[in-house]
Each structure stands twice: as structure tokens, then as C-alpha cells.
């Protein structure tokens, strides 16, 4: 019975998630679907197909002996990084695939969605449900990446086109309020039996020193003070490699900010608009978050400080860079086979972000969720929270 | 009267050329229009808009005082390399422009075509006709580039899609026949008052030594012997920089050739097919053409040897690499302003090709026409003719 | 009195350290002093001058009002990375400076050494002694870098020349022995008032889970088993970026290892010699250390696990990669001015190594010492210790 | 008898050339010998050894059956680009070889010089003398390259050291005088039986149009007018790739020119000195020479125009960029084997310079001599002569 409910719930979630991904893409022109302006930004068409391939590879091929592949070569075209699942198109070439067309990819989606629903109807095998749940969460993660990538693609068009969406920030308050957490032993990591990724498992004790943490993230208005104070020019605020990064790339403000005759504008899905000073600052690299904190005489919280304080602070508008490198928890173990490549092999040279953004699907904003990006990345919905 | 006939002819030519360009693109999917897989290959959408901008910039803006630009930013988006015509999107970013869409570009074409036709109806100014003729020839040059770029885009898809076209090679004969031209003084360059480009002007005398030149270009079958004889491995046949080029790029055969289990195939618009040994070899770089000739104990003809022999030899299937660098003729002069940038500023580091290919619009195959590319280029329809 | 002893001791240490650096370089030819084969490897001449400039900049210019610079431009030539100390030659150009000559640099050393000794004789200012101690430790750190860089320079000569030294490894024992540390709260970081760097300060409590840690580092013999088992080929053992690293650089063994007709040799200061299986493996990147541990079904210890276990384990032959990223301790603070750039600005994208190597000056092998390098570095004397 | 005289003369020339090369290097410090600041600039030590290897490889190994190689690995270390002579150190790594030392290379020179002299004493074989003559000319070419490379190495030291030499320019006169050559058939190429390189052979007729050519090369003063007139800013004077070149490299003046507080200085072996306006301009690329001519409304002469005018014009201070690409003469043939690689394989993508410079050994200044460099090169002693 347990299973029956779970199956019913997951089936509904599956249908909803598949529809939601397509809703995200509905405002796009065909031309917007195929382009890869930088290596990190995948074409929307690729996302649509890749998250479909994920269900095909890990569900249909494993559990449906009658399943016919939609196309012989799609595994090669739409595998992202799973070495255990075979060869694949190298990442920088995703934007060169004009075929299959967008409409063929939608046909692929439809075919796989229906095949999964058919399989779910027939099966009683509980292990399918676990993989289905991973697949749903995987597609949700790509929904957020789609929001980033669509913004990047459109926000770098010379004509700044409009994309209709309700992914919108709201004003922040209580800007100067800090809460105090006292020194002591705390427990972190995912504990109950709800869904989580492997990198959150292994709940364990950590010892934290006394700290204070801001109730709200840093706003555009506050960040602009840093710019005006020459923050991008004073080398003392920056990591050595952060300084190289902003100098080599001539960075003087967050991504999407443009200075037009002395006034600051940004691209925000609607087109180019004046900066709203009350909204949280977004699209900063770890280096910029760190430099801002240095300028304030403070620091970024560690991921554990963040997690312990989470119930008392406002979060969920922007992913917040923490001072913690992305490393395995004690007792971290990887799955056998391709799914073991999901998180573990990225645990080096990246930093943890916590919180969730306005583009994050509900349920991914749990306090134990560990997001991670390289310190120079700015196209994600990243912001800053101060600690001291 | 002269003018009236000329106007009538050019108007008809203009209409035909505009239609022909769109016919070339008709078999494409929307997705194929926007991609730029390498810097040299421009997106078909860009070609469609650029050759339209050319008429807008050099005809409508100059001669039609009532002309309203179709869009304020298109000059910035679709100028290719004319510094005198203002700023422009840098070349490597042509493939990142998802907007304007393909259908907007077709609307742009329609608007400009009609505006030119309206202007032609109203005007009696002969200088317009000269610019119109340049514009027509310019669009024809881009038709050939479109053929190259479409082939590159589709030929580099993992799925090798089909493109319907009658751009097709025919078999060569008389392979081992050479004609003999005797030493003496000859005249080269464009002489009569038909249309030509500035780089052909300045007819002048040249003194040629005795030489023999092949009646037909080298075939796939002949070129395959070079491959089988280890031609790509023997450094003695290659320029030093040619050797670096084939080694660094792991080149072992012409572009589009694939060795599948020991048999040679190529992509030729229809998909992947077995090599036809009787067709002229195509898609070789200057380095390969040179190395092939070295292996045969012969050489490539100079552009003047080619031009003098042209009436007695078969040509027009592939552009033929000559041994001549692309340099100005004696008394070469450039136009004032942007059109002066058409040819002159490229007269360094390139090699001249003569003849014309199956993708070359009629009229561009004249014996004085000087085509030019860098020695490493292979995506054009280039082949080899021997001399000794 | 305290001061008088301290001054006496430090003066003696200063003299000894200055002599020791020159002893390290004594076996070099003039030609070996100036070369910079990769960006990371600085020319020995540059080291000799830079560590001298350090005393000039931070001691003599600050405290000796009569001090005359040895040369106006040496600050520009030999500043390493201190933005607060002014402009400098960019790092990749260190190997292009043929002037000043080696003998001029030795004259510079002599002049500065004598000036420091004169100043010490005259002064009673205790703060000088602190800076002197930093300078001595700084020069000692460069002694170790000199050992790395000399090995790199000579070990990459086609002729594998000999360098006379007693920097030599000894055999390891107790290879399969692990000790067990029980879960609980521990204290880490530098506590007493002996010398340490700023990155070790801020002793604090950490909570460790139960773990086992090897008594000895991994040997060449053990590592060779990993190679023979196809460890460099199996992607499942590697970080994604580690896999890219070994593939792009065609890495199949530690740095300095050469496979000659099926037998493994390495360059080890004496020339090319057969691998000694009983010695600790050296010259591996973090990626290789991690992959080795994965293959063993174990992991690398964290830096805190290492520090707590240090008294019970053998260490000091090779720096041991830990699983910890190089990040600031709680309450880490930087000095004002240039010395604040010593460590803090590197606390991103690097990994901590603990232990000390055969090239590490005595006193730097303390258990709290935090060495740090990027995960791809291999030219340091780095090795592997397992934990589980 | 003929032979006896020839042998005597060549033996004397050999001794003189060997001594002259060492005289060029005498003012260097050991440190200056080993550095390779850019790929094009080889370390003086490498030159010293390479030109010695040339005699060893092509004379001693071929004709002296008792000859013992000085060192087994020197052929590998000091072969420049002769594929037929075996593997070699790749060019960018020449500057990393600290061993053999400078004094070992001088010992190598001495050994080979003596071995050649011994062989000459014993032999009556005339073909040795031809190879000896090539070797002497080869060493002379490297003497000129040594002058360039030494200037580059010292001129890029932050301290601008002095190098004692009598390689010095003298003032130019008759600046605005042009001579007129009438249209007609002329003969070019090397005719008599004196020594020349293979690329000069094949004397042949060329037809030249009427032209005027300047009696003297362009001076620093004249070139400065071009700079002041904004010549480096006006895109209309430049080849497209020339414009990219000066923009990407931020070039605003000839190499070695420095603008210090509004005044122009250059490095000229003595140190940094004020520009002398009456001397010929030196260290310009082909692109700059071309742009200067465009600005003057003139052009560069072709290599044949230059050769025919040579007897009537002053030359020999700077190599003069011609408008001619470096291509084979009619009937050009290469030697069998390694010496066939001497010139032929470079006949693409380079431009011909004619005339000879103050660093050119006597005898290399003959009017038929074809020097060649890539259009962006500036470290040679290159200048400008105008034609129209």
C-alpha cells in the first residue's frame, strides 16, 4: 500500500515535472534552442533531450525488456558525462548539433514520457520508483539550469529580447540584522528518509565556534556601495586568482550589469532595466562574494554554519556562496555504475552554495542541499550572505 | 537607351539572384540556419541578412533619401568586415545570434528587395546600376559560400543528414593529357568592359617560361594512390608549415572523407557515400595540393600559366589551387570608402585559386577571376591541377 | 635578557640559513641558474635574489634609515607576488632575465646579509626579530622550492645530469599497519608561542568520526601495482577534472618516471635509475593520490585526522596530500600590508598537504604546518597516506 | 690547381668565419647564452652548437670515416629542422637546455673546427669543398641571426645592458629622390658560377611595367611623421590581418621603440637612446612597411623591381620588405636529402626581403639574394623602401 501511494505520487510528480520543463521553454523561438554561447551553457534543446535520455537509460533500458530506443544514436548525442554509459558528443560541441530538430526532440520526449507511464502501470518493482524519483529530481535540477542558460542566451543577444516568466526576485528587509549562534556541537546532513542526493547523506556531528550570521542576503544597493568604494580595484580584498580573473575578464560588476552613461542597468528576462536597489544581488562569482565580505570586514559562512542557522534566516531567493569547498562528507559512498558518477567525481576545486534560488524547484530548497560550482561562475543565480 | 537595357537586365538579374539564394536555403531546417561550427563558416541566416544589408548600406541609404532602415541595429549585426561602415558583431560571435529569427530575416530580405525595386523604378542615375551590379555579384559570391557552409554544417552532424541539391560533380577524362605552352610574352587580367572585381583589373604583360599543364584536374582515384603511397607520412613532400598543419590536426585525407573499416566514404550532401574514383578530388588544402604535386614530381601552375592555358583546358568543377600568392596587380587601386575594403586588404598570406566550382554562379567562372583562400582551408570546393 | 638570547639565536639561524641556501646551489652550473622551464618552476638565481629582497624590503628599508638599496631596480625584478610592495616582473618572465648575472646576485646576497647583521648589532627593537624570524622561515621555504626546481630543471634535461646532494629517501616499513583513532572532540592548530605561520593560528576544536590511518606512506612498489592494475585507465577512480588532466597530459605514472623497454626508471638527482620499490612514492598529483586511494577502497585523511594522528605515525619523507581544501581556520586574520599577502590570498582552489619531505628544513615538519598546492602539481615531493 | 686555390681560399674563409662567430659572442655573459625569450629567438649557445653540428653532419660524418662524434646526443640536441637528419629537440624547448654548458659547446666547436681542418688537409675530393662553402654560408647566416637574437635578448632585459659592437647604422641622404625604370623585359636570378643558394638559381626573364623607386630607405624621421599622423590608428592603411596584429599586440611603433614621457627612445645595443631621425627606420613588420607606403600613396617594390634597380640605389643597411611573396623561381629544384630542406619547404606564407643589413656578412649582400620572413616579424633588421 505504501508502494501504491508512493507510485501514485511519483507518477503525478513525473507528469508535472515533464510538463513544467516544456512550459519553461514555451516562450523560446526555435533559434534559441540550439545555441551554446559558452561551454558551461548548454542549448535548451540539449537539456530537453538529455533529461529524457536519463529516463531512457536508467529506467526503460533496465526495466522494460520490450523497450525500443527512440533513435539509435541519441544515447551518444545526449549523454552528459556518464563514462559508464558509453561514448558521447564532447561538451563544447553541444551547440553544433542542428539535428535532431527541436520538434524531433519534443517527439522524443513524448515517446519516452509515455513509455515510462506505461511501464509504471505494469510494474510492481519498488526499485523502479527510486530511480524514477532520481530522474524527477534530475529533471528539476535541469529546470534550474535551463533558467540560467536561457537567461544567458537571451541576455547576451545584442537586442536583449524579452522572455516571459514569473521567476522574479522580491525586496529584502532587515538588512543589518545578524543572529548569534553559540559555540558547540551540532549535527549536519540529511537525516530522515525523504529524498536527497548522495552528497547530503552521512549526517554527522560538527563543532562550530561562536558566530553571527546575517538574516538577509546582500542587496544590489549594498553591493553598489562596494563598487563605488573601488572594491574591484583594491587588490587587498581579493584572492590572487580572483584578481587575475576579474582583470583578465575586465569584470567590474556582476554579470548582466551594464553601465549606460553612468547609470547601472541589468538584463533580467524582461530586457534591460534599471537596477532595483532593494533586491538581493545576483550573478556574482565566489571571488566577488569573498571580496565583498573582506571589504565589509566580515566573511562568508561555512556550509555548516549556514545549515545550522537556516531555520532562523530568510533564504531561497539566491544560492549563497559559502566558504566551504565541495568535499565528501565522512562515510560518503558512491553508487555502483553510472549513477555513482552523479556527484562524487566533482568533489574537487568547487565551492558549496546553500539555500536555493527563485529558479529552484520546490523541494530542492531543503537546508541540507549542497549545490556546487567553480569559484569563477557567475551565470547561476548566486548571491552573498555575510557572517562574522 | 544603353541605360534602359542595362537597367532592365540588372533588375531581372537582381530578382533572379535574390530568389536563387532563398532556393539554396529552402531545404534547411530552422535549426541549421544559426550555427557557426568554426569561425570560417558563417550561419546561413547571417549570409541571408548580410547580403541584404549590403544593398541597404550601399544602395538604399546612399540613393534613397526616404528610405527607412528595416531595423536600427541590423547594420551592427550584419556588417561583415567593412570598418568604414561602422562597428559590428565580431566574427566568432555570428553563431550566437539567435535573434533576429529566421523568419524576421526573411521579412528583412523581402523589405529590402522591394525597396531596391522601387528605387530602380524611380531612378535614372547610372551610378546606382554599377552598385547594383556589385551587389548582385556580391550576393552570388555568398551563394557559393552558402554551399560551402551548408555542407560543412550538415557534413559535421553526427547523423549526416541529406540536403537536396543539384550541385554535383561529373566524371573527368583525359587524365594523363598535358598541353604545351611556349615561352613568351602574354597578357593577363580583365580587359573588356564587362563586370569584374577590382583585383582583376590592370591587364598587363607577363613573361612565361615554357610549361606543360594538365587538361583535367586530379581525380579521387589518383589522389587515393597518393594516400596509399604514404603521401601524408613522407615529410619530403610537404611545406614545413603544411606538415605541422596535417600533424596537429591529424589529417590523413581530404575533408569529409571517412575511413570506415578500410573503405573510404565521403559526405556529399546526400549523406555518407562511397568515394567515386572518377570525380575530381575536392576539399584539399593548398598544402595537400602542393604535396600531391611534389609526389608526382610536378608542380602547381601559377595563376598566369593557368589563365593563359584556360581556353584549352577543362575547368569549372573545382577551384584549383595555383602556386601564386594573392597579391595586387601592377597599378591596382582601391575604391574610396567601404567598397575599397572589398578585396585589397586581404592581399597577404593567401593563395590564388582559379577556375570556378560546381557551386559557382555562372559568370563567375571567367578566366580572369581571382579567388583566394588561406593555404590551410579545405571547406571550399578546391581541387588540384598539375603543371610541369 | 629574553631578547638577548633570542637575538643571538636568530642571528646564528640567519647566518646558517643564508649559507645553507648557497650550499644547495653550489653544484649548479651558471647555465642552470636562469632557466624557467614551466611557470611554476622559478630559476634558482631568482630564488637567491628574491629571498634576499625579502630581507631588504621588510627589514632594511623599514628599520635602517641609512640603508642604501643595492640596486634601484631589484625590488621590481625580485618581488614575487606582493601587490602592496609595488610593481614587479610578471611570473612567466622570470626565466628571461639574464641580467643581473649570477655573480651579481651573489654580491647582492652578501651585501644584504652583511647589512642585516650590522643592523642586528645596533638594534634593540624586538619587532625586528619577529620579521627576521619570518624572513628566515621564508628563506627556508624557498630552500625546499629550490630542491624541487633544481630537480625539475635537471630532470628535464635530455642528458639527465647528476646533482650532488644528500636529499635521499629511505625505505618504508609496516606498510599494512593502520592505527585507530576514536570518534570525539579534538583540538587542532598551533598553540604554543613558538614560530608558526598565520595560517596555523587559531587553535580550535573539531569533531572527528572514528577512523583508521596508515602508519606509513604508500611505496613505489605499491603504487606500481596500481599502474599494473590499469589504474590510470579506469575512469571510475578519478575525479572528472583529474581524468581530463591525465588524458590531456598523457600521464601514466608519477613525474620523473620513464618506462624504458618495459622497465621503470626515474630521475632522482643522481641520473636515471631503476625504481626502488621500498621507497615512498613521490611526485604524484592530488588526483593520482585520490585515484590510488579509490582503487584501494580507502580514502585520503583530512588534514585534521592527519594532525591528530601525527604523533603515532611516521612522517617527514614526503608531503602527504590530504582530502582537505586549503581554507582559513576560524578567526583567521591577515596582517596589515604586504605580509598579509603571505598566505591568505591563496586560500582557494588548493589542497592541504601535511608532514614534510626530505627537502623540508628542520622545524618546518611540525604537525600543525599547512602546506598547500594545486591538485595537479607533481613537481613537489608529494606522496600518499591512506585512511579509512 | 683550380681546386688547390679554391681549397686554400675556403680554408681561410672557414677559419675566419669560425672566429668571427665567437667574436660576436665574446661580449656576452654566460647567462645570456641560454635563453629563448620567444620561439623565434634561439639561444646564442644553440646557434654556436647548431652551426657546428652542420659541419659535423654534412661534412665529417659523410667524408671522414674515422670521425668520432664529439657527443652521441648532440645531433638530437642541435639539429634545427632537418627531418632527413633525424629526431630533434622541438624548437620551443631550445631555451630549456642548460646542459651542455657554454664551455662544453666551445669545446665542441674547437673539436669540430680542428676535425674539418684535418679533413681538408687530407682530402682532394672537390665535393667536400662545395659542402664546406655551404657550411660557411650557413654559419654566416647564423651570424646575422645571432645579431638579431642577441639584440632581442638584451633589448628585452629590464635593465637594457650594453653590448659592444660596431654594428651601427649611418645617416641616409637623398631622401626624396626616385629613379625611373622603364617598362620592358629584364632578366633576374643568379647567373655566374659564384656561390649562391638554391632559391636564387634559375635566372629567367620577367616583364616589368614602368616604375619609380626611391634611392634611399625610409628614415626614422619620416616614419615618425606616419606615427604622428595617426598611421597606426587609421584602418584604411592596413591589411585586415595587419590590423589584427597591431591591435592584438598593442603595437604603436617599431620594435625596441619606447615612449618615455612623450619622447621616443630605442634600444640599440648601447642601451636606451634617443631616436636618431636621420637613420633608416628598422624593426618594422611587413604590415607596417605596407601601411607606411599606403599612407604615402605609394607601394613597396616587388623583388624583381628591386633587383633590377639595385645597381642604382643605395642599399645594405636594412633588409627591405618587398611586395613579393616568397615562392619558387621557375625551374626551382631541391637537392636530394637533408640539404633539400634548406630553403624549399619554407616557400609559403612568407615575404621576400632584399638588400642586406648592417649585420649581414659581406658577400650575402648580392642583389640576387632572397631573404624571407613572415609578415609579422620585427626582430630582424628590416626597413622600408618606397616605389610607385
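Chains: A, B, C and D, in written order; residue numbering restarts at 1 for each.
To be clear about the criterion, contacts are C-beta pairs under 8 Å (C-beta built on N, C-alpha and C of every residue); 3 or more make two chains touch, one makes a residue touch a chain.
This structure is a prediction, so every number in the text was calculated from the model and none was measured.
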Legend entry - For chain A and chain D, chains touching each: B, C
Inset, instruction - Give the label of the chain whose average Cα location is farthest from that of chain A. - result: D
Legend entry - Length of the line joining the C-alpha centres of chain B and chain C, rounded to whole Å: 58
Inset, instruction - Could you give the separation in Å between the centres of chain A and chain B, each centre being the mean of its C-alpha atoms? - result: 46
Legend entry - Centroid spacing, where centroids are CA-atom means, of chain A and chain C in whole angstrom: 37
Legend entry - Chain-to-chain touches, reported pairwise for every pair that qualifies: A-B, A-C, B-D, C-D
Legend entry - Parts of chain A lying in touch with chain C, wherever the complex brings them together: 81, 83-84, 185, 204-207, 209, 235-236, 238-243, 286-287, 290, 299, 323-325, 327-328, 330-331, 340, 345-349, 351, 375
Inset, instruction - Report the residues of chain A in contact with chain B in the complex, numbered from low to high. - result: 29-35, 37, 45, 73, 76-77, 89, 95-102, 153-154, 156-159, 161
